[in-house]
Every structure is written in structure tokens, then in C-alpha cells.
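Presented sequentially are two complexes of subunit A, the first with subunit B as partner and the second with subunit C.
What follows is the complex of A and B.
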């Protein structure tokens, strides 16, 4: 068991290092850097641009810079942002907290919705609820999440029920403690709703498929022959049987939610990692891009490891050697 | 309906969609780049069948629209003069100084024949009026024409990127599965690396190493290259699985015994087995890449203006007043729904045909 987890940990570490190397060296291929635009500025002399580049170490070789970057990771700084003139880590943590808040609550909410709905659909395959479910999920799947986000924003603008962007209202600091919570929650609604609407149909389909498969298996027929009512069969036996494939889906949900939230955050101006990465790409703020990509990798690798541990707890038959 | 019928139905539907965007320059009444600064954000033109005197006409007609000072207010139709819709016209609307000037230049170069090069359009109206079936954008460009041309760019980007990703995946997956050993190990580690990242982050990161300011054509092909390079991992893994089981078959061993080369074995006996997997992956990857193009272009990192794509058409909604007031600016996004529905139906039908339970 311990060996299994050590191996998984090493594997995760390999991935993280590999991704850091990949992004770092790809970014070196970029023509121009953060200071390239400055050269066009008539108030900057070529010497001062060169001095700035020297100061930030941009005139050194790629390998040296990678080592320097590793060193700064060791110090917990994750490199230096040119645009914000501060270590990347301090920038990233504030943003990462907001992104995590968004994605984790969206994930929780979508599972809370998807499991009962999927059970309801799969309980009687081919029945009216099943067909309704398939129709609803396919139509939701066909709506791109960008359109979903824009549509919800349109609704918010037209009705005024929800704030249309950001995380807090102007004048947030003057609000009382309860008022602050309510303010953030109201800003939460739209991005979370978009993410949930994008994830739920996929999850519902997986839950349904799992339940249908389990319900067709012999042990369910045996249980039915023993007179266990259908409702209890579905809620207890089928759900437990379908749990294993669902848990391995957890990793998938994290990926889709992270990718989805990147776009949604920019569209809804949620102060998360998404807008940070977007601005960094536009400004060629090298280390911020690397840092953000590293954050997403870490989150994903961690999520997958948690999913593996859960899977092991539910399904002891899985070989760990 | 049997699985085969559903596949044909989905293919036919998608074929019709693609044909309509391919024929964009015929179906659209205007050139997508032509501006009319006098008519920004004109609401969709209404087609009339009954005139002011209550008489019914079989041929629909339109009225010109006076731009109103109030944003989003329905424009005031000038009912004094009707403009009948004409079909199969030659380049309906002049009065477009830009294009006229261009054509005059070209006409001068080519001699008089230059002006005759204007091509046929399915429908149009007389020069004094303009027909905006889906409204116009902030520069007075016809949203319907831009939607069709933008669809051309976006759908093509999806198909080309998926083709690239599948080609890479097929090649690398086949090599990994067929030869095994350290090659397999290396390629599969690469697959894990690419699958470990949320793909939109990866797309952003790869986009970051390309120059920011590019011409529209360059950015289009770079976008395709980036998406294809990012998306190869999943098909490669699936192809490898198929190849692994196929190369152990008796007929492969027999062919090898008769002295068949590796290349022949792959081409003749092993890779045809992967056809189903590749097709199903195409059904999944194409909409994903269309969405990626839309997202990147929306964020200003994809296809650049003035070439329309569904993404940069939606980008106008980043302005608050456009989002709040002009509902027809959402239509490029709505147009994606049938495309996606078609591709999902196709992928589902293909998966069922392959004996996989649709999820």
C-alpha cells in the first residue's frame, strides 16, 4: 500500500517537473519578451532596456534561467512577474484561492445534482424519465459554455437580479460581516451556475450508464428475487456498485472544471487564475504563465491522487502492486 | 432506427451545415468585410409580404431603416418605398465606397473586364437599401454574411486541427503499440504529460510562445497547429491499445512469417483496425477544437479581425452596451448549437456502432 502511494507520488512529481520543463522551454522559443515593446518607446534608450533585461536575467541562457527559476521555486517565490513587479507566488495565491473556491463549489454542487438525477434516470432504463433525461442532457451538452456564460450575463444585465462581474461590489469594505458574505455569494451565483450547467450533463450520463450497467447484473436479479423493493435496490445496491467508475471520474471533472473556469472567469471577470493567465499571455509575462500552468498541473495531479485514494477505499480489489 | 441510419442522419445533417458555410460567398448577400458606418447595430431587417395598402406579394420586400438615436430601440421603417428581394443577383449592393474603390483599381489593372468579375449571390436588394437578415454589427457589417464566413473559418479550423491531432495520434500511437520497448515508454510518458494538463491552460501556454501580432491567415494556421499539437495524446493512447491487440493476431504473425515488412503490416493489417476509434475520436475532437477556436478568438488570441470567425464575432459582446442592448450579436454563439448537436449525435451513433455504451 505504502509502496503504491510512493510510486504514485513519484509519478506525480515526474509529471510536475516534466510540465515545468515543457512550458519553460516552449516559452523560450517566443520571439520577443516583456521588454520588447519598450524598445518602441522613444523615452527608453536601448541601454536602459538592456539593463532591465540584465536585471531580470533575461540575457542569460535558458538552462541558467531554468536553474534560477528552480531556485526561486525552492524559496517559494515561483519566479518574478515583470508586469506586477512582485514574486509570482504572492500574486498566484490570492488568485488561486478564488479559483479554487469557484471550481470546488461548482464540483460539489454538480455532484450533488448529478448523482440523484442520474439515479432517477437510470432506475428505469428506457422509461419516460430516462428519455427526458437523455434529451435534456444532450441539449445542454450542445450549448457551448461561452454562450451559456454570455447568456447568463445578458439575463443578469436585463433583470438586475445578479451582479454582472467581479467578486465583490464597490464599497465592499463598508459592509457588515453578514453583508460581505451575502455580497460574495451573489457574485458567486453566475459563474458557478455556468460551470455547473456545463458539468452536470456529462456527470448525469456517466452516473446513468453506471447504474444501468449494475442493474443488469446477476446479483441485482438475485436481490430482486429475494423481494428487495426496487427503490432500495437502486438507492443502495446500484449506487454502491456504480461508485467505482464514478470516483475515477473525479479526476476528469477537475480537468473540465479547471479548463472551463479559465474561460468563464475571464468572461465574468472573476478575479481568479484565468484572467491572470490571460493578461500574462498578452503581456508576455513569462514567469506568471509558467506559474499558472504549474498551479493547474499541481491541482490536477493532487486531485487525481485523491481520486485514486478514494477508489482504493471503495474498491479494495484494485491491485496496488 | 438502427445505428447505421443514425450515423447517416448525423452525417447528412453535418454535411448540410458544412455545405452552407462552404457556399458562404454565394449564400451571403454581402462581403463580410464591407462596412456601412451609417448603420451600426441595425436590428434584423423584417421581411414583409403585405404592403401598406394591404396587398399581398409573393416576393418578399423590405423597407429601409432609419437609424434611431436610442440604442436598441427598433428602427423606424421608411414605408414610402419598398425594396423587393431579388434572387440570383450579381453582387447586390454597391454604394460601398471601399469595395468600389478596390474594384475600380483592379478594373484599371485588368482592363474593363475587371468589373465583370463580381460573382453571383443568392439574394440581395437594390443598392439604396441594405438587407441585414441578422442585423448588423458595430461597424455596420452584415451579421448574416459574417456568420456564414465566420462559420467557414471556425468549422474548418476544427476539422483541420482534429485532422492534425488524429494524424499525430495515429502515427505515434501506432509506433508505440507496434514496437513497444523504450519507444513505447517514451511516447506514453509524453501522453501522460499532455493529458495531465487542463487542455485550455496548455493551449494558452503554447499560444503564449507565439508572436502576438500576426496576420489573419498566419494566426489561423498557427491556431490549428497549436490545437493539433495539444490534442494528440488521447487518440494516441486509444490507437496504441488497438494496435497492441491487433499485432498479436494470428494473421499478423502469418504475414510476418511470409516476410511482410513492418510498414506493410501496419498499413495493411494493423491500422485498419483503428479506423473505428479514429472516427469516434474525430466526432469528439472536432467540436472540442471548434470550441477552442471560439474561446481563443473571443479572448483575442486566435483568428484576427477583419477575418470573421465565430469567436471574434462574439468578442464584440465584451463591450457592456453590446451585451445589454443588441440581442442579435449572440447569434454566432447560437449557431454553434446545431453544429455541436450534430457532432455529438455522430459520436454517439459511432460509439454505439462500436459496441460502447454511450455516456
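What follows is the complex of A and C.
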């Protein structure tokens, strides 16, 4: 088991290093840098711009800059933001916390909805509830996340039921403890709902397919012959049998939700990593872009490690290999 | 009224045709009938028919294949019956219908004085435990995520039989009876060899104390020495537990060793049935002759 985890950890490490290299070197291929637009400013002389580029190390070779960046990672700074004039780590952490709150809540809620719904559909494939569910998931799958977000924003604007942007209301600091919780929760509703509506159909379909596949297994037929009732077969056999592919899917969900949340954060003005990345890309704030990509990668690797550990716990065939 | 008479009266009341000798089973107190001279009907299949819809034509007509056609079969208590026939003759369909895994289109299956096909779902669940089926591939018939003791004890758990500890002990006893070590209780099904898995499948089926055991090509995937071992085990267990079994196989040599009587199926119906030696020595039906010639 230790060997299995060591191997997975090494895979994760290689992935993180590979992504950092790729991001760093691919960004160099983009034309211009943070100071490129300053050249158009008549008040800035070419010498001043060159001095700034020298100050921030942009006149050095890519390899040297990468090594310097690695050194800053070692110090826990993740590079330096040109736009914010501060280390990337401190910028990223406050935003990452908001993104994690949003993504993890959406993921938890999605699975809490998808597992029972998928189980119910898969237990009676072809039944009216199954057909209804398949129709609903097909419709949701056909709607792009962006359209879903805009639709919900429109609804929020027309009804006034939910705040339409940000994480807290103006005057948040004056609210009582319970008032603050309610305020954050009300701001949570729209982005979480958008993410959940985008993820649940995929998950429901996977859970349903897994359950249908397990219930068609020969050991289910044998168990029926031993008098094991259908309800028990669904609860004890189908869910355990379908667990392995679903846990693998958990790792993928993290990626999907994270990339989805970056877009939703921008549309719904959620102060997460999404808007930070968006602004950094537009401003060519190199180290912030690299930092946010690394954050996403770490999140993905961590999620997959958790999925692997869960898989190991529920799938005996991996343990016996 | 002594114990023997009470049990005899109960069994006669359940529709059993004749009874001469009777004994009470070990441990759990389930009575079973042992044959000593005369026979008693354990299971009766009457006019069983089953057709499968193969495809529907564009005009909406259905093309169906008759898998069973008015099958009549009586299984005596303590009897071992072989069911042979060419591929597609309906052996496995009959096995699935007898073990209530599939519902026939028409006909009756009588057990304990009740037609199983007219029972309500709750009654059927009780009746089902009396007829157990063992499949060809135990690797696919046992849930790979369950441990040996979980697999054997689960049918008892469903019946809410006794306490969890008593169920575990019963499961371990059964494992021992089929030749599996008690120390393997936590091994997963996938960690056993083919022969051991089939023993585990037998132990699981026996947990419900069936009257009839249907072995649907259950020995076919095993090599000859293992086949001989499992056949001997089945015969020993039959004496110990007092069940009858139906062995479905295409291996006539195996059938000759493992059963007393043989029934030959051809095109969905039983065309010949007699003592195994008599059928094999002097086959009457052309299908039997063809089978014997082919082996």
C-alpha cells in the first residue's frame, strides 16, 4: 500500500513540475510583457522601461527566470506580481480560499444530489422516473454553463431573491454574526447553483450507468436466486460495485468544477482565483498566471490523491494486485 | 403423537405423495425426508413452457423461440438427476425457471404442496430459498467485494436468522463442510481459486438449507480432478443435508459418475428419462443416441 501511495505521489510531483515548466515556457511565447504597454506612454522613456524590466528580472533568460521562480517557491512566495507589487502567494491565498469554498460546496452538493438520483434511476431503468430524469439531465447538459449563469443572473435581477455579485453585501462589517452567515450564504446561492446545475447531470448519468451495469452482473442474478431482495441489491451491491468508477470520476469532477468555477467567478464577480487569473492574463502579470495555474494543478493532484485513497479503500482488486 | 408422526403428518399436509421413512435434520431442526425403499416427490414441474422474443419485424410481428415446450419433470426426494442435451435444448432455461429466476409463460412448479408460480412476492421469497442454483462460473457469480464469510452468511442475514455471531458461526461451519478453512473467513471471493470459489458458492447455497440444488454447468469449468472432488463433496453433502440435486451438463461422463437418473432434453422438451446406466447403455430416442455418439 505504501508503494502504491509513493508511486502516486511521485506521479503527482512529476505532474506539478511538468505543468510549471510548460506554463512558464509557454507564457514566454506570448508577445509582449507587463511593461510592453508602458512604451506607448510618452511620459515613460525607453530607459525607464528597460530599468523596470531589469528590476523585475525580465531581461534575463527564461531558464534563469524559471530558477529564480523556483527559489521564490521555496521561500513560499510563488513569484512577484507586477500589478499588485506584492508576492503572488499572499495574493493567491485570500482568493484561493474563496474559490475552494465555492468549489467544494458545489462538489459536495452535486454528489449529494447525484448519488441518490442516479441510484434511483439505475435501480429501475426504463421506468417513468428514469425517463424523466434522463430527459432533465439531457436538457441541462445541452445548456452551456455561461448561459446557465446568465439565466440565473437574469432571474436574480428580476426577482431580487438573490444578490447578483460579490461575496458579501456593502455594510457586511456592521452585520451581526448570524447576519454575516446569512449574507455570505445568500451570495453563495447563485454561483453554487450554476456549478451544481452544470455538474449534476454528468454525475447522475455516471451513477445511473454504474448502477445499471452492476445490476446486470451475473453475481446479481446469483444473489437474486439466493433470495436477496432488490432493495438490498441496490443499496449494498450496486452502490459498492459502482463506487470504483465514481471515485475515479471524483478526481475529474474537481478539475471540471475548478475550471467551471473560474468562469462563473468572473461572470458573477466572485472574489476568487478566476477574476485574478483573468486580470493577470490581460495585464500579462506572468507570475500571477503561473501561480494560479499551479494552484489549480495542486488542487487537481490533491483531489486525485484523495480519489486514489478512496479507491484503495473500496476496491479490493487494487489491494490484491 | 411422537416426533416422527408429527413431521410425517406435516409433510403429507404439504402435499407430499408418500412417505415411509423420515428423520430430523441435525442442529437447526429442519426435517428432511430420506429415501429408504420408497420415494417422495420433492419437486414437480408440470407443462412448463417458455418462449423468448427474438426480434420484432417492421410490421410489428414478433419472432419468438420456444425454449421450453410443455416440460414435465418430477424430482424425488434424495434423487440426483442429470439433465443433458445439445446446446439450445432448453436445459439452462429449465434451470432458471425451476430456480424462479425466470418466469415461464405457462405451467406449474409444485413444491411443498404449493404452486410456486401462483405465490405472492413475499411467499415466493420464502419458497425461493428451498431451490438454490449454482452457476458455471463462480468468479462471476460471487460478488468480488465480499469476504467469504459475508458471502455465506448473507442469505441468513436477509432471513434475519439468529444473531450476527450465530450467522458467522454457521457460515464458518458451512465453509468447513465444503472443505474451506475457517481461517479464510476474511478472504475476498476473488482471492480463491476456481475450485474453492465453487465450494464457496455451494456453501452459500446450502446456508438456506435448500431441498433442491440446481447445478447449471457448475462443474463444467473445472478440470477433471477438481470435478471428481466436487462431485464427491456434493454426494457427501447430499447425505448430510438431505437435498436433491439436478446436474446440468454437457459432459456425459461426469453425469454418469454424479447422478442416479438422467433426463435428455431436445428442442425444449424432455424426450427420455431413466436410470443413467440404462439410458447410456440402451438409448431410445434419436437425440440421446446422437449425444452418446458425439462423445
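Methods note: the second predicted complex is superposed on the first by the 318 of 321 C-alpha atoms of A that agree within 3 Å, B and C clash if a C-alpha of one lies under 4 Å from a C-alpha of the other, contacts with A are read in each partner's own complex, and residues count from 1 in each chain.
Following the convention adopted for this analysis, a contact is a pair of C-beta atoms (placed from the backbone, for glycine too) under 8 Å apart; a residue touches a chain by one contact, two chains touch by 3 or more.
All figures in this text were calculated on a predicted structure; none of them were measured in a lab.
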item	value
Subunit A residues touched - subunit C or subunit B, whichever exceeds	B
Partner chain(s) touched by A:218 [first = subunit B, second = subunit C, both, neither]	second
Subunit B versus subunit C as contact partner of A:19, first or second or both or neither	first
Subunit B versus subunit C as contact partner of A:133, first or second or both or neither	neither
First (subunit B), second (subunit C), both or neither touched by A:157	first
Touching partner for A:262 - first (subunit B), second (subunit C), both, neither	first
Residues of subunit B defined as touching subunit A within the complex	189, 192-193, 196-202, 204-212, 291, 294-295, 298-301, 314, 317, 320, 323-324, 327, 330, 333-334, 336-338, 340-341, 344-345, 357-359
Residue ranges of subunit A touching subunit C (in the complex, touch as defined)	217-219, 221-229, 232, 237, 240-241, 314-317, 320
List of subunit A residues in touch with subunit B within their complex	14-15, 18-19, 22-23, 26-32, 138-139, 141-147, 150-151, 153-154, 157-158, 164, 205-206, 209, 212-213, 255-256, 258-260, 262-263, 266-267, 277-278, 280-282, 284, 289-290, 292-293, 296-297, 300-301
Of subunit C, residues touching subunit A in the complex	99-101, 125, 128-129, 132-133, 135, 137, 140-145, 154-155, 158-159, 188, 190-191, 201, 204-205, 208
